[in-house]
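Same chain, two partners: chain A is paired with chain B first, then with chain C.
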Partner chain A sequence: MVDFNRFTLANGLRVLVHEDDTTPMAVLNILYDVGARDEEQDKTGFAHLFEHLMFGGSVNIPSYDEPLQRVGGENNAFTSNDITNYYITLPATNLETAFWLESDRMLSLAFSEKSLETQRNVVCEEFKQRYLNQPYGDVWLKLRPLAYKEHPYRWATIGQDLKQIEDAKMDDVKAFFQKHYNPQNAIMVVGGNVKTAEVKALAEKWFEPIPAGERYLRNLPTEPQQKEARQETVTAEVPLNAIYMAFQMPDRVDKDYQVYDLLSDILSQGQSSRLYNSLLKEQQLFSEINAYLTGSIDQGLFIVEGKLVEGVTMEAAEAAIWKELNAIAAEEVTVDELTKVKNKSESIIVFAEMSLLDKAMNLAYYELLGDANLLNTEIHKYHDVTSTRILEVAQRTFVKEQSSILYYLTAQDA
Partner chain B sequence: MKKIFTFAIAVLFVQAVSAQKPDRSQRPKPGPAPVIAFADPVVYKLPNGITVLVVENHKLPKVSASYSIDAGPIAQGAKAGVISLLSGMLNEGTVTKTKARYDEAVGQMGAEVGVFAGGGRASALTRYFSDAFLLMADALRNPSFPQASFDKLKSQSLTNLKSNERSATAISGRVVNALSFGLNHPYGAFETAQSLNSITLDDVKAAYKKYVTPSRGYLTFVGDIKPEVAKVLAIKAFGNWKGAVLTFPVLAKVSNPVKTEVDVVDVPNAVQSEITVTNLIDLPMGSPDYHAVLLANQILGGGADAKLFRNLREKHGFTYGAYATTGAGRGQSTFSATASVRNEKVDSAVVEFLKEIKVMRTEKVSAEVLQNAKNLYNGSFALGLENPGRGAGFASSILINNLPKDFYRTYLQKLNEVTADDVLRVSKKYFGHDHARVVIVGKTGQFLPGLKKMGFDVREFDSYAVPLKRK
Partner chain C sequence: MLNRTLAPESKQVDEINFIEPLTQQLDNGIPVFTINAGKQELVRIEFIFENVNWDQSKPLQAVAASHLINNGTAKLTARDIAEKVDYYGAFLQTEYGADQSSVKVYTLNKHLAAVLPILRSILNESIFPQQELDIFIQNQKQSLQVSLQKNDFLARKHFAHAIFGDSTYGSNIEAADYDAVQQADLLSYFKAAYKPENCTIIVAGKFEEKEFDLLNNFLGKEWDNHEKSVVNKFEFSGGRKGEVLIERPDAIQSAIRMGALAITRKHKDFPGFQVMNCLLGGYFGSRLMANIREDKGYTYGIGSAVVSLKDAGYFFIATEVGADVCSSALTEIEKEIELLRTEPVTEEELNLVRNYMLGSMLGSLENAFSHADKFKNAYFSGLDYTYYDNYIETVKTITAEELKQLANQYLNPADFTKVVVGKK
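On to the complex of A and B.
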């Protein structure tokens, strides 16, 4: 159970406070309600590039890292297709420094050409290091546009290609900031050895003077129901053939989200799961096999992916996966199977309450979904899943005409 | 009078404004250093030599246990890979449970249980913990070592090796250690198809007998458990376990290059090149230099505000990140500075690496830079204590490294006493600018001419650290 208090500033900034006096530390987490899904088609990778620029100095503070380090703090950030999240951990006695730093960059950035130039290069190197220089690193650059035709999830957070990042202009940067980085589009969570009254006073001092800005109204295209099977083959310098199967599924707040999650666990969570037992241990067709959800806020994907044992054909591998998917869509899972994955979900939720930072990030994320308290009620939704609901979901999901399948072949097998 | 009156108004006015408009040009005053508190574990020894440590923490309904065998570096020689195969085989079933039944039992509880040649780990919700813990002990004590599993794991290892054939990152990891320590040193040896093919199931069984044992073993419990309960469990699981007696190996010292050299490996398909600037060091944790080295490493390459990151990433945009790490421990360890760099900027990046190291060795860091590094350490030390297992980690580190009992209680105090002169002295001693090895794995065509032109002594190797003939 993660307790919290909640208030909203006059400019629309939502603030949550989690008091935990067992630590001398504090966390300040700010979630901006903007991700790669909010980018324009010809300017992809921008939300992430922008995250880098947020460390290039703000209007009154030339260096972000140095003053924070001086008070014993650490920070980082990440961008996803849905959100951009920034966080600071520091000794609670220095909490005000975090307010000073974060409020200044919400107020305005320095917008230096030099910083833009450098971060364009850095992001291009990140693109190479994480997507091009890793075996299978570009899978999602291929799979997304296969599975999504309308929704902006069709591009990856890093962007569609390096060229669009290289072409980013200062005017684009400023416009993006105006549109998305204002109090109305953010959720702040302060946690740790803090008191709500103290946080409220600091928030009013440092954040309330920031102009509210315009509320960004998201209006993204809905991904239409898929009606035809899609398949694509790519070859690359990779060690083993691999298969990626994507199925359409509903959004994050759908009542069946937890059913999908348990379905994926029954298929591949741990070494006693169905796909692992059948395809890896018994039939020895795969050296790795996994089923999971992309977990996106808008309509997501249910993914099954595997690396084939050398000598196994793609057709045989795919047929073996379908056989398991059809089996789980034909008959209810057993009581033991369901108990097992519910136990696992409970463990994961309990273990995730360990760290202050995790708690703060989760509160912000669930608040974005509609209510931070969803974090505390999530476990009940898992307990309420029945084998009948799993069967229904499997039947709706594992349909050939709603699948997007990527064959990823080693160059020598091409 | 009037004058004074106006002044008073002005003060009021200023205050009124400042309540709304904070002065953003001034950084808030830092507070006092956080108060550090951590619990010492309950420690006792089982008759067979296992040291048991228990940290009680009832905040969440979960318990974790780990078993760790302090065997030191293991020389695998021509059988390189036998220890990792042993690790795999320990998870392939026990004499009373097939792998399938074992995995099912773990899965059913939603627990995590894993074992390897150096020990094991079990964590679970409190209500399942004792069962999960006994499963871990069963895997360590009674492995069944089926031949079919061995054949499968061996073929997977061979596939993995092959799959990394052209990965610059994997090649770099292998070659850096091989060149630094030499092939005969436990840290320098690596798996090859030949070494893997030579390993038999009997080799694995022999390694098991020799290294998986209660001798030099540390068993740690952390979480929602009482020390009495932990003790009963420890005795039930391991009390009557017997095994080989381990002694910590003493290894011959390896020297650094007489003069800084550049060793390159060509990976024509590499999108980036892996640069490592490294040298061997001797730095026991109990050394009087230890805390100063931590700070020197932090200042050079500890993160986003350190010299390497600011230079190679933020100033030049050569890389996504550049860092330094300095090891410490009972045997030789390494200092190394690393980055994945654009192929065409490798020569410039090497120059910047060496320049920053040289600056550390020749110039005193400013009081401000030193203070920042100290503050960061104070913060991260406090943050690390959020993990209730940290106290147990400290206690076992004190035992293993033969440190004074108050090592971690005085850790921050000693760190805060380090001076700029200390940082300069240890940088000179441990960061080997003049006796370093620069290993670059990447697309040599794009940087070799540049490096040679700069006058570096460049040697070429294949991806298994075998020297190529000099042209």
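On to the complex of A and C.
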């Protein structure tokens, strides 16, 4: 159970406070309701590049990192297809420094040309390090456009290619800031050794003077129901053949989300899971096999991916996966299997309460989904899942016509 | 009117409270160190074993034993173990480290009584079935093939081997080493290493008398393993210096790893070394990051670290940079080291690092698990909590002149091993 208090400033900034006096630290987490899905298709990778620029100095404070480190704090941020999330941890006695820094960059950035130029390079190196210079690193650059045809999830957070990042202009940066980085589009969570009254006073002092800005109204295309199977083959200098299968599934707040999650757990959570035992241990077709959800806010993907044991054909490997998927769509899972994955979900939720930062991030994320208290009621949704619902979901999902399959082959198997 | 150009008042961290463990013993003599803290009804129990009987001709013996220890016992198959652990929502992890191997379990307290008998079986009667070993060999070899395509992996491997040679610290594993793993070797390692005389238990979470009694009940009786063993002990003389270039013509980035043997946590200079390291490459605002990422944009990240193992310490700098700027990056790295050796750090920068490190130490004591980790770091280095008092005192008081001296003493690029994987 993660307790919290909640209030909204006059400019629309939503603030949540989680008091935890077992730690001498404090966390200030700000989630901006913008991600790669909000980009234009010829300017992809921009939300993430922008995240880097948020550390390049703000209108009144030339350096973001230095004053924070000077009071014993640390920070970082991440961008996904859905959100951009910034966080600070610091000794609670120095909490006000976090308010000072975060409010100034919400007010306005310095928009320095030098910072833009450097961060363009840094992000290009990140693109190379994580996506281009790694075996299988570009899988999601291939799989997304195969599985999505309309929705902007068809590009990855890092962007479609290096060129679009290299071309980013200062005017684009300013426009993006205007559009997305204002109080109405943000959720702030302050947690740790803090009191709500103190947080409220600091929030009113540092954040309330920031103009509300315009509310961004998201209007993204819905991904149409897929009617035909899609298949693509790529080859690369990799040592093993691999297969990636993507199936359409509903959005994050759909009533069946937890059913999908448990379905993926039964298939692939831990060494007792079905795919691990059947495909890796018994049939020895794969050296790695996994099933998971992308967990995106809009319509997501149910992914099954594996690396093949040398000598196994792609056809045999794919057929063996289908056999498992068809089996779980044909017969209800057992009582023990269901209890097992529910117990595991309960553990994961309780263990996540060990970390102050995780709690703060989760509160912000669930608030974005509609209500921070969904974090505390999530466990009931898992308990309510039945084997019948899992069967129905498996039947709806594991359909050839709704699959997008990527064969990732070694150069010699091409 | 709010003046946003002025930083709010702040304080240096002055009080850092460590939770010291309660020390107990099981009936069979295994020491148990418990950090009983936290609100959640959960616990982490680690069974830690010193690595023993190092045999250079069987470099994967201990690794494979650690990996396969939960893959079948006299009473339970690999699948039974996995089913039971998962059924109770627990997490069972085996870990092979340079000096110790561990078996850890994370569980909610309400399932502790159901989970401990599984641990008893694993630690007493593992049989390492041949079929599981075969699968392990096949899949690890495949996974190694993928790793060998990663520049940073290759850099790590070649660097470790250059400074630590054919010891377990530098083990230069190849596919053939997996093929050589024999079931009999795993069994003999199991009997020699996984025994009460070689075991330390570290507990963190909600753990009171009732839970201790359960632990003692299941793991405090005699164990089956008692074979003789010698705890690993290594000596190193400095390693191979100079440059190693692993060419990969298609690389668009090059991985760089450079450094040398250094001191361990037991050495009086270790805390000062940590301050020096922090300054150079130990945090986001470090000199290497400020220059090579934030000014030049050569890399997504660069850092340095000082690592203390039981029988050796080492220092390294690591990064992945654009292949076209690799030489420039190397030049800038050397410039930063030279600066540290010749120019005293300003009070302003030093104060920043002091405050950052103290805040970071405070923040690293987040929960019962992290308090237990702090205890382990000291305990397995043969130190007690005065190590942390000394560390904090050093961070607060070390001078610019002392840091310069340390840099001259320990950071000499002429003594470094420099590995570049990719293009130069």
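Quick note on the criterion: the second predicted complex is superposed on the first by the 414 of 414 C-alpha atoms of A that agree within 3 Å, B and C clash if a C-alpha of one lies under 4 Å from a C-alpha of the other, contacts with A are read in each partner's own complex, and residues count from 1 in each chain.
Keep in mind that, in the parts below, contacts are C-beta pairs under 8 Å (C-beta built on N, C-alpha and C of every residue); 3 or more make two chains touch, one makes a residue touch a chain.
Predicted model only: the values in this text are computed from it and were never measured.
After superposition onto chain A, partners chain B and chain C are found to clash with each other.
In the superposition on chain A, no contact is made by A:T233 with either chain B or chain C. By the touch criterion defined above, A:L90 lies against chain B and chain C together after alignment on the C-alpha atoms of chain A. Judged by the touch definition given at the top, the superposed model places A:T222 against neither chain B nor chain C.
In the superposition on chain A, contact of A:D336 is made with both chain B and chain C. When both complexes are overlaid on chain A, the residue A:W100 reaches chain B and chain C alike. The interface of chain A with chain B overlaps its interface with chain C at residues 22-25, 59-61, 65-67, 69-74, 89-91, 93-94, 96-97, 99-100, 103-104, 107, 117-122, 125-126, 128-130, 132-133, 135, 205-206, 209, 237-240, 269-273, 277, 281, 284, 287, 310, 336, 339-340, 343-347, 350-351, 353-356. Chain A makes touch with chain C in their complex at residues 22-25, 59-61, 65-67, 69-75, 89-91, 93-94, 96-97, 99-100, 103-104, 107, 117-126, 128-130, 132-136, 205-206, 209, 237-240, 269-273, 277, 280-281, 284, 287-288, 307, 309-310, 336, 339-340, 343-347, 350-351, 353-356. Per the touch definition, chain C reaches chain A in the complex via residues 2, 4-5, 7-13, 15, 17, 38-42, 78-79, 81-83, 85-91, 106-108, 111, 135, 138-139, 142-143, 145-146, 148-151, 250-253, 283-285, 293-300, 320-322, 351-352, 355-356, 358-360, 362-363, 366-369. Listed in rising order, the residues of chain A touching chain B in the complex are 22-25, 55, 59-61, 65-67, 69-74, 89-94, 96-97, 99-100, 103-104, 107, 117-122, 125-126, 128-130, 132-133, 135, 205-206, 209, 237-240, 269-273, 277, 281, 284, 287, 310, 336, 339-348, 350-351, 353-356. If you check the complex, the residues on chain B that touch chain A are 19-22, 24-25, 27-28, 30-37, 59-62, 99-100, 103-104, 106-112, 123-125, 128, 152, 156, 159, 162-169, 269-272, 303-305, 313-320, 340-342, 368, 371-373, 375-380, 382-383, 385-387.
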